[in-house]
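Both complexes below contain subunit A, partnered by subunit B and then by subunit C.
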Partner chain A sequence: MATFLGINFFALFGQLLIGLINGSFYALLSLGLAIIFGLLRIINFAQGAMYMLGAFVALLGFKYIGMNYWVALLIVPIVVGVIGVLIQRFLIRPIANEDHLYSLLLTFGLALMIQGLFTHWFGSSGQSYPVPDALKGGVRLPFMYLPNYRAWIIVVSVLVCFSTWWMIEKTKLGVYLRAGTENPQLLQAFGINVPLIVTLTFGFGVGLAGFAGVMAAPVYSVSPDMGSNILIIVFAIVVIGGMGSIGGAILTGLGMGVVEGLTKYFYPEASATVIFLVMVIVLLIKPSGLFGKNA
Partner chain B sequence: MRSRLAILVLLGLALAAPLVIYPVFLAKVLCFALFACAFNLLLGFAGLLSFGHAVFLGTGGYITGWLMINSGLTPEIAIIAGTVAGGLLGAVFGKLAVKREGIYFAMVTLALAQLVFFLYLQAPFTGGEDGLQGVPRGKAFGLIDLADNQTMYYFVLAIFLAGFWLIHRTVHSPFGQIMKAIRENESRATSLGYDVNQYKWIAFIISAALSALAGSTKTLVFELASLTDVHWHMSGEVILMTLVGGVGTIIGPLVGAGVVVSMQNYLSGGELGNYLHIIMGAVFVVCVLSFRSGIVGQFNKFRRNNF
Partner chain C sequence: MQLQKKVLSNLITGIVVATITSTAAAATDGKIKIGVLADMGGTYADLCGPGCVIATRMAIEDFGGKALGKDIELVSADSQLKPDIASSVARKWVENEDVDVIGGLVSSAVTGAVTQVTNNSKNITLITGSASNAFTTSACSPYIAHWTYNVVALANGTVKQMVNEGKNKWFFITADYAFGHALEGVSMKVIEANGGETVGTVRAPLGTTDFSSYVLQAQASGANVVALANAGNDTVNALNAAAEFGLTDYMDIAGLLVFTPNAQAMDPDTAQGMRLTTGFYWDMDDQTRAWSKRFEALHGAIPSMAHAGAYSATMHYLKAVDAVGTDDSDAVMKQMKLTKPDDFFARNATLRADGRMEHDMLLVEIKKAADRKNKNDIYNIVEVIPGNKAYNPMLPSCAF
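So, the complex of A and B:
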């Protein structure tokens, strides 16, 4: 029963799986963008560079000090997050009162610099990172072969996304975050250290990108331009979903991955452009985005 | 009176420049200057940051290049065709992009430009990764042979001046005043009865068409149209030129284009070529942190304070 009505189910499910994996990364990255946008009202153009940085730190750690995957998964997001904290504290905060477009341009400049540096150091060709031993192999399902690592990506990404969502919607810390989004002055007046929350939020959003980078290292090749390629797609996804809700960012990310996977099966020529086309349609029908409030 | 004198001096310099400096380099500066001026019309005077302007530069270049290779039209017709194509694309993109504001506007334009980048990568008429090579320069109006670099430079200078004059007129027209009003306070402009999105849309079309004009001209100068001109790096470069020169000043983008193109030429010749993107990124960061009004903006400030 490999084919039915002319559809090859092995190939279709294979593309769906790849779509879900891409979608997991879209979700992690757009979640980070949405969290940062909520408090800082800026889009971090360096989010892609931070994702690339995460993958490279994991790769270099493995090569030179034998850092294994599990340690990397824990350490690298923290390293990248700390870099984010430094960027926010020393570069973005001084111009926080200027037009937000300047912060956008600042992060764009940083992205160019970071990508340029890594291209200079490691060349533009991709390098591979081994799949951890515990996740090698796979399961043979009736309709497809599922490699363990790929299942792991989907499960972990969804877990991380939804625990972040839970943290923001249901915990005390999340209340501060949402209050800061609504009215930072008032929150400050209640004695909360808002600048600190803003800095840590930026660090957390960027750390999520670093985490996505480590997760991506064993499946995609690690190269300096891996971040910029995915980031532009994620921007389109952010426009599609709207940044009004955290849950919306996650769902749109996963959903667009699936749409891309389906397109790869049914009409491969359009697979690179389908997400942008969806963006055009959404702009025509509901300009504020699927989950966006009218702003 | 003094500004008229300054314009005459500048014009004299522009006419004499190819005697001292390599004309193709000068023509390149002028093409990018026109591109940056067109971009600045949108950012500096309408307050809209487009992150996809390379797509108009590239479209103009491809249309003009394709026509010069395949149709036997004279270059001025090919350039007009490229400009119109850019304007039409701008009309479509502008209609979509003005639905969103601020940061979303930047993301929408970037995503739309990337969509076209992928289309051009796959489309047969663009030559894919190779681009269109060996585009003939032809004879302007069927009379003036542009094969000579010096003649080409004066042709480009004429186009640049026409484009620059058009931008100058737009900014100082009633339309330009309304554009500035929208930039300063959009809700007030709306409450005064102006259809804000309509004005933004028209500004976008003018800016896109002039960017395509720059791209068309650039293709003739270099006899080449390639994917580089459509890539998001190029959209970043034009922002950098405008920022370095001075956002919202008439002459700033011209100065910025001169500085950035000279920097690129100087760097790519020397051993620092590998550092090009790193240095450009660093210039971005420094400009944003401590030099937001750009060279011309700073100069104006200095003049106001001291004279």
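So, the complex of A and C:
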């Protein structure tokens, strides 16, 4: 085997690829959070719960009405997005003019309640969701066995991330969205319904979490605490990338996946903390985050 | 200066008073109050959470609801899997609320914190969900009864059998906390003693979602068995990753600690044939089935070994209270060790002087999807391991 300085390169390549897979997953998750924070200035602590909800809706749909994976991939984000719209319209909008802390606490409480209810209904042990037939099996690369489903995660995440970024940064809709954050009164004066835009953006951001939940269901066990486990990491990624920077969240997500993957190889004990270590260093050197604009 | 001295002396008085109160003997007020401290909504809630409360209540009701002529009282609390919270609940219970005995107890870290309180206050603990063997060895006490299982029994069951079948090169994916380390350490000794070797280990933080990186390391290690020295969702996630990356095609997976809810959460195609050791299986015989059906009607799911253990331990405790006619911990524990526990759970059982409840353990195999009659039909019993072969020998220093 190709080894150098005691490092097995084949194994290292494997770890790098796995890091990229996890990273693309992080990117997908932090994207929704970055949109909601970047455009709406809402720190949405319920994003993890929405991700869990996405996985559960897919699982329950499969169990009770035989909804297959591909249908779930389309329907579930919409269902979760609608829930997000309702949350924004009836819970967050009434406190929109208060300090950010209020929406943070509200969404945090909401997350705990949703998680608690799901634990009560479905237990804490987690359930399995089958990998769709078309994506079963894998490819044997020289350095590792790559399951098809993991390759699919990379492709889909990159596609969704890029198109979201393009939509917000390059299209007219994106211009409205960004203008609505910068100067809502002025945009309203042009006859644009700003509150509607805000609600739909929130719904879209939350829908992305639901989408990530469906993507995660076949590989991770579907359990009520799956969201809270990952939420803190995703928050750290958004902070490292620069609060509100969409492109930053995507690139940082990918990068942190790789950093975490390498840590799992060289010093696995630290793999749960390495991202937070990076966060501390970035905050000390560049408090606005790697890609953030100075506030 | 004067003021400082006063503050200092007040502080010392406070510490002394606190020490005295915390070492005061358990209340012998003639009324039995049982506290169940478990994980009500966390990762281990299905293993020993609300179910452990239900099982304990069943034991109280089956016993007749009264002991020493008074109604038996049951209280419960959520440990939240946090040792500091568990320890303050335990202190409140034994110091202010006259709780006689604390049961449930899942996660060795939580149990360690609780037993520090109860050992001092001389209250009995009935450990039914935790795995560490420390409670009857390095941290043993005259007031501990460790029911259900421990890491040694798990290793002596699953690991020994597999090494004897020629699976001699082991790789460990271990949960990076006290329980995982203990399970890994004990298993390695069993492997070595039976002529096998450990070719590598990796320590994964508790609550890891993605195990693919560790699975890849296992793949490169040249082992023929990958042992999962973890629990709960960690085990399920690790197993899923192993199957996904093709590991299960040419390596055996040994789940060292699997509770029934976890086994049910596993994809049958992936988990089929996997062997594991358990202290209890609901479908073993008529006795276990009868109790399990009653439990299922109340809880909504079949019992885990911790649930069955909680019932058995409570029942044995109450019988001892009844026999000695007091709730004095020393007298009750002496009686508990004198009589042999004997119920649907405790088979060929004895509560040893060190507090270890030794009973028959089961080596089981996860059934194929095609062989399952219903969702609860998950294991084939491969072998019954006698208690004295499963558990660690008693340390002379712990023979109370």
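Note that in this section the second predicted complex is superposed on the first by the 284 of 295 C-alpha atoms of A that agree within 3 Å, B and C clash if a C-alpha of one lies under 4 Å from a C-alpha of the other, contacts with A are read in each partner's own complex, and residues count from 1 in each chain.
Just so it is clear, a residue touches a chain if its C-beta (ideal position, glycine included) is under 8 Å from a C-beta of that chain, and two chains touch if they have at least 3 such contacts.
Given the structure is predicted, the values throughout are model-derived calculations rather than measurements.
**Student:** Following the overlay on subunit A, give me a clash-or-fit verdict for subunit B and subunit C.
**Tutor:** With subunit A as the common anchor, subunit B and subunit C collide in the superposed model.
**Student:** Tell me which partner A:Leu283 touches in the superposition: subunit B (first), subunit C (second), both or neither.
**Tutor:** first
**Student:** Could you tell me if A:Ser30 is touching subunit B, subunit C, both of them or neither one (first, second, both, neither)?
**Tutor:** Neither partner.
**Student:** Would you check which partner chain A:Gly116 touches, where first means subunit B only, second means subunit C only, and both and neither mean what they say?
**Tutor:** Both partners, subunit B and subunit C.
**Student:** Name the contact category of A:Leu104: first (subunit B only), second (subunit C only), both, or neither.
**Tutor:** first
**Student:** Using the superposition on chain A described above, determine whether A:Gln47 touches subunit B (first), subunit C (second), both, or neither.
**Tutor:** Touch status of A:Gln47: no partner.
**Student:** Where does A:Ala272 make contact in the superposed view: on subunit B (first), on subunit C (second), on both, or on neither?
**Tutor:** It touches subunit B and subunit C both.
**Student:** In the superposed arrangement, what residues of subunit A touch both subunit B and subunit C?
**Tutor:** On subunit A, the residues that contact subunit B in one structure and subunit C in the other are 116, 119-120, 269, 272.
**Student:** Can you tell me which positions in subunit B touch subunit A when the two form their complex?
**Tutor:** 49, 96, 99-100, 102-104, 106-108, 110-112, 114-115, 118-119, 122, 232, 236, 239, 243, 274-278, 280-285, 287-289, 292
**Student:** Which of the residues in subunit A come into contact with subunit B in the complex?
**Tutor:** 37, 41-43, 91, 94-95, 98, 100-106, 108-117, 119-120, 228, 232-233, 235-236, 238-239, 269, 272-273, 276-277, 279-280, 283-284, 287
**Student:** Sort out for me which residues of subunit A touch subunit C in the complex.
**Tutor:** Subunit A residues touching subunit C: 8, 10-11, 14-15, 18-19, 21-22, 116, 119-120, 123-128, 130-131, 138, 144-145, 147, 149-150, 219-221, 223, 225-226, 229-230, 261, 264-265, 268-269, 271-272.
**Student:** Given the complex with subunit A, which residues does subunit C contribute to the contact?
**Tutor:** Subunit C reaches subunit A through residues 41-47, 49, 176, 202-205, 207-210, 212-214, 216-217, 219-220, 232-233, 236-237, 240-241, 244-246, 259, 261-262, 264-267, 301.
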